[in-house]
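Here come two complexes built around chain A, the first alongside chain B, the second alongside chain C.
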Partner chain A sequence: MLKGYLLVHKKNFVRDVVPWVGALVVLAFAPYFVSASLRSFLLFLLMWIALSQSFNIFTGLTGYVNFGFVAFYGLGGYGMTMTLLSLNIPIYAAMVIGGVISSLFAFAISWPTLRLRGAYFAIAMLSLAQALFVIFDNWNFVNSATGYTIPVKYYDPVLQYYYMLAVAAVTVLCLYVIMNSRLGLALKAIKQNEETAVSIGINATFYKAVAFGISAFFAGLAGGAATWTITIIDPPSAFDTTITLTAISMSMLGGLGTIAGPIIGAVILYSIEHYFGLTLPYLHLIVFGIIIIVVVLLIPQGIMGEIISRMKKSRRQEVGEEG
Partner chain B sequence: MPSVLPGALVAELFILGLMYGLLYGVLAMGLTIVFGVMKVVNVAHGDFVIIGSYLSYWAFVLAGINPILSLLLTIPFGFLLGALTYLGLIRRVQNSPELMSLFLTFGISTLIGGLLLFFYSPTQRAVPVALGSIEYGSLSIPVNISIAAAYAIAVAIALRFFFYRTYWGKAVRAVIDNRTSAILVGINPDMVSLKSFGIGIAIASSVGSIVMLLQSISPLSGPDFTLISFVIVVLGGLGNPPGALVGGVVLGVVESLSSLYVNAAMTPAIGFIIMVIVLILRPQGIMGSRG
Partner chain C sequence: MNRSTRRAISTMAVVGIVIVLIIVVVAGIYIATLKPKSTPTGPSVITIGMTMPLSGTFASDGQMSLNGIKLWAQDVNASGGIPVKSLGKSLPVKLIYYDDGSSASTVATDYQTLVTQNVSFLIAPYSSPLTLAAAPIAEANHLLLLSHGGASDSIWAKGYKYVVGVLSPASQYMIPVIDMLANMNPKPTNLAFFFGQDPFSLSVMSSVEPYALSKGFKIVFNQTYQETATDFTSQLAQLQASGAQVLIGGAHFTDGETIMKNLQSLGIHLNLVSLLVAPDDPHFLSDLGSLANGVTVPSQWEPNLNFSQFSPYFGNITSGQQFYNRFMTAYGIAPNYEAAEAYATGLVLEKGIIDSGSLNSTVVRQQLATENFYTFYGHFQIDSTGKQIGHTMVVAQWQSGVKQTIWPSSVATATPLYPASLQMQQPSTLSYSGQGTTSLYVGGVASESYMLSQSTHAMLAVTPTSPDRE
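Presenting the complex of A and B:
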């Protein structure tokens, strides 16, 4: 029963899994070998992997553009910080609560927003994220414009690194499981043609809402882990549109709807941002803009999407020659 | 000094809201024409406003040109920029899935924002042009806002003339109405798209000049103008130019009057809440017809 839901078709397990485990082991031992600054670079790279991958879980699998993605990140950050400060519980529990809050928000807004198609959905989400910023900026319950600071007693850079590694790894694993599950198949059908999918009995609203909630959960976890590391959260940083922008650029460049794509995109773009961010501020925005434009015009499927479709093409040609 | 009566205050807020609403309504008309013709949602609309604002700002700083006069610069420049953007970029995604045009204009928005931030820093820029205010009884309406409203009305009249009295205007309406039929009767859809994108951006960047009369701007203000145009366009129905003007006025008046009851900083949230409610109840817009 469970197997039917989780793994629909078997794949080459060894070939699929070994590189990932290898990467995980290298990253797990990295803090013992690398400098503090490189560790911090890796931490934020892992955050971007988690964020672009959770963006991918919804937009990549359903084809609905979520321009309000940062709302999930910000809510996760606020949820984590506020439960940590008021309930005095372990940080991982606070992070999970942050993720759940973000996920609940996604379910709540999925009822009105997921009925909207294409551009309407994109606009509604963009506005919702902006509305959250305005509300949080003026709402005393969340300390309005001042925000919160995480107390120094929670400072632990190595632990922060491992938490972020765990968040990124679980997000990637979850995407893998979804893509090989009944949920993934349903989403694929919805992405290709929603009317047809509905007509053959797929409950599109339900599956979209589930993917939306999962995406929000992981973005919220990453938001919580990021807030712990940055130690400060206020409305401009929690609902910063550039977070949506960066997640979009990374997953677009690497290839939406693929597992390795957003990771490749995150590695390339975060390295660029990290390099230019120190010497030439804002230059990375120009680079991101050009990359999005070029990717849309030349390789709309992204790097991985392009590689996959070329591999399929050449395999088809081989079969054709043999036959 | 006469005490301001609540009635006069309400009237003043109403007039101010109406005037702002006209300007934003005209801005949103630019967005909705582009959507109607090409089914492309231009996420970079607000960034073209900021380009116009910067042109006016530098015209004022370098040559002392009043932002009202620099309209003569920003209107043709905006049209040219829009036409080039269409030819170089937008045209290539016209037949792709909607997702691609959303991403493309998002990329353009990022690029414009990034270029302006890189070269001009996030500093707020303003042009000190205060023209006093018109007093009428206990009402006091700033001249700057009146000029903005007058410009909006002029653009609306010009667009009305264009849409109903010229060949290309009628062609634009025909393509909005039914693209296939328009092509069948011999209308060149590429030319219509080129002109409507040019007009859309010319409106955006000329509104940018007018905005310099009203407030300070920074490269980061672009998305704010995009969002307000979105809200209005949704209120009026996507692809419905007269609806955008009505939507603008409704939003302007509601936001202005709501400042009587809630913290003024919260008024943007009111616009978004109205928009989400409209999206749920009447996705075709308050002016649109179902189907």
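Presenting the complex of A and C:
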């Protein structure tokens, strides 16, 4: 039964899997042959891949734009840090707990928020993330504005790299599995026309909540791994709206609703930001902004979206010609 | 034929993407592998790495700090470099710096980059959270990290061995203000605490609270506020009802100005207002005009301070005024204490290198633990954690458009304007309505009466656009 849920139709396994495994192997051996600075660059690139991909799991598949995405990242970071510091358990366990906390939060808020659509959903999520910021900033249970610092004994850049690689890889794999499952098909139907989907018996609220929870789980994992690397967490850094906007920019540039899209978006945008941040200390934000404007104007569907639609178009024309 | 043309379009797109990706990857590898080689290393130069927030929340503070450090490097190199005993020669200083955009994650990546570029020493970025993000990387790579703009006491409570503070920690900020109030006549009894909800301000608050109680003050109002808020009138109205005579609080620049404007709109009478950070900035005067008058600020450094009579004294700059003029000539703007503490950080490193004769971070760190000297910025001495214990804060006050040092009395340039009679009037009647003549006592010694005439304020009304100290 589970199999039925997961794999609706078989795809070309070799074509779909081999490049990914290849990339994973290269990244797994990277710390052995790249410099510490490149490894650190790759670590944060993997974080952005994980974040834009977990954003994609919900927004890309359902079409609901989640402007409060950073809430999941922040909760995961806080959950990881607080369990690590208070329970003294292994980092990976603390990270999973952070992800679960983030996921539970998503399920809890899905009931009121997922009844909203379009701009209303976006505004509700944006305010929710802001509300979390204010609550955490004033709540002594989470150390209010002071936040937490990860003790230096946990500092291990190579291990941090592998954890982030694992988070990114599992997030991408999960998206692949979802897209090829009944859940993915249901979400696709909801994205295209929610009323029709409901009328043919799809439990839209349930499927949306599941996608929301999964998206939150992986964003929480990435938040936990990122906090471990950055070593500090406080409300302004954990609930920074820029994180939401960057995840949106990356997945939209690459193409929402595709597997490769958010990865391409993350690689391009993070590389540009990192490169110009180092070489043009004052101008890098302008360069970054101009690139985003140009890309959005020229390829609004994102890079993968453009490629896919061109391929479909040419295939349709071929079929039409032959027919 | 048609078909192949159509396919070519799609292939072109793919090729385009691949080319972009290749360029990006090649560029990434290029900066990661080539840059270290292009950096002069070895004994020909002393390489110091850092990031600074040149954009984002702390941009103006970061720029001031960077200018301070660059000025030091310029001065050192102009004088022939730093003599390194173990090498038997003097070496010039080379700074490598990046813009961290006020982001902790960028600090984490950039310091990873810096440690691969053969830097001998690290300087921390401005602000406590960014310093905290850089510290573990410095620690893991056994590189000295000098903090010039990270004041939070938590930096030195984590067991780091390589982080050395040049500035007074946050817990010291409001202590001299309390000391000063305890020496006032009449001594105020009711204090109001109104601090921003951020790590730095909370750190200040947690230390000043018990200290004020121990000095016999009553805290009649104690609240925190959200720094991003644009209006504090409802909280300040409660403050007014509490019967407070003195307001102690603040966080950073914008909120500090807002508090002053709100006090004015509510017409609250207070004997003294002491705010963190904001009043130290010359813009505080140009923005608020006569409303700034009488407001006090705890300061790490003021240009009118002079430590040259203390010994041992280190550095070519012999007075605050000389630094002020030097900075003014170089950048065309007045330095604040952020610029001074950054320059002084360079001096501390220079002294550590000269006295230890080494470019090894561990050796220089050990040397700094034993140092005890003065610069134009004040005293330098650290405890076993690396926290600054020698340097002391002063209290400055805006008086007739000039920022005067008013406490401690041994270095004061003017007597405190107290009660400052901060009669927060409506903007239409912007004139000083103080009590005319006020008797002032500093350190138990009666000083001359202070009188502010209307004419002084007529003068002040012209000055706000040019916040010149002179």
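Heads up, the rule we're going with is that the second predicted complex is superposed on the first by the 298 of 323 C-alpha atoms of A that agree within 3 Å, B and C clash if a C-alpha of one lies under 4 Å from a C-alpha of the other, contacts with A are read in each partner's own complex, and residues count from 1 in each chain.
As a convention for this text, contacts are C-beta pairs under 8 Å (C-beta built on N, C-alpha and C of every residue); 3 or more make two chains touch, one makes a residue touch a chain.
Remember, it's a predicted structure, so these values are computed and weren't measured experimentally.
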| item | value |
| --- | --- |
| Touching partner for A:Leu175 - first (chain B), second (chain C), both, neither | neither |
| Touched partner set for A:Pro300, first chain B, second chain C, both or neither | first |
| Touching partner for A:Gly289 - first (chain B), second (chain C), both, neither | first |
| Chain B versus chain C as contact partner of A:Ala186, first or second or both or neither | neither |
| Partner chain(s) touched by A:Ala124 [first = chain B, second = chain C, both, neither] | first |
| First (chain B), second (chain C), both or neither touched by A:Leu84 | neither |
| Partner chain in contact with A:Thr146 - chain B first, chain C second, else both or neither | second |
| Partner chain(s) touched by A:Asp137 [first = chain B, second = chain C, both, neither] | both |
| Which of chain B and chain C A:Leu245 touches, first, second, both or neither | first |
| Common interface residues of chain A - those touching chain B in one complex and chain C in the other | 134, 137-138, 281-282, 284-285 |
| Touching residues (chain side chain A, partner chain B) in the complex | 63, 65, 67, 112-113, 115-116, 118-120, 122-124, 126-128, 130-131, 134-135, 137-138, 241, 245, 248-249, 252, 280-293, 295-297, 300 |
| Touching residues (chain side chain B, partner chain A) in the complex | 35, 41, 43, 89, 92-93, 96-100, 102-104, 106-115, 117-118, 223, 227, 230-231, 234, 238, 263, 265-266, 268-269, 272-273, 275-276, 279-280, 283 |
| Chain C residues touching chain A - in the complex, by the definition given at the top | 2-3, 6-7, 9-10, 13-14, 17, 20-21, 24-25, 27-29, 31-33, 36, 54-55, 97-101, 103-106, 108-110, 112-113, 115-117, 129, 132-133, 135-136, 139-140, 154, 158-160, 197-199, 202-203, 224, 226 |
| In the complex, chain A residues that touch chain C | 34-41, 43-44, 134, 137-138, 144-147, 149-152, 155, 157, 226, 229-232, 234, 236-237, 264, 267-268, 271-272, 274-275, 277-279, 281-282, 284-285, 303, 306-307, 310-311, 313-314, 317-318, 321 |
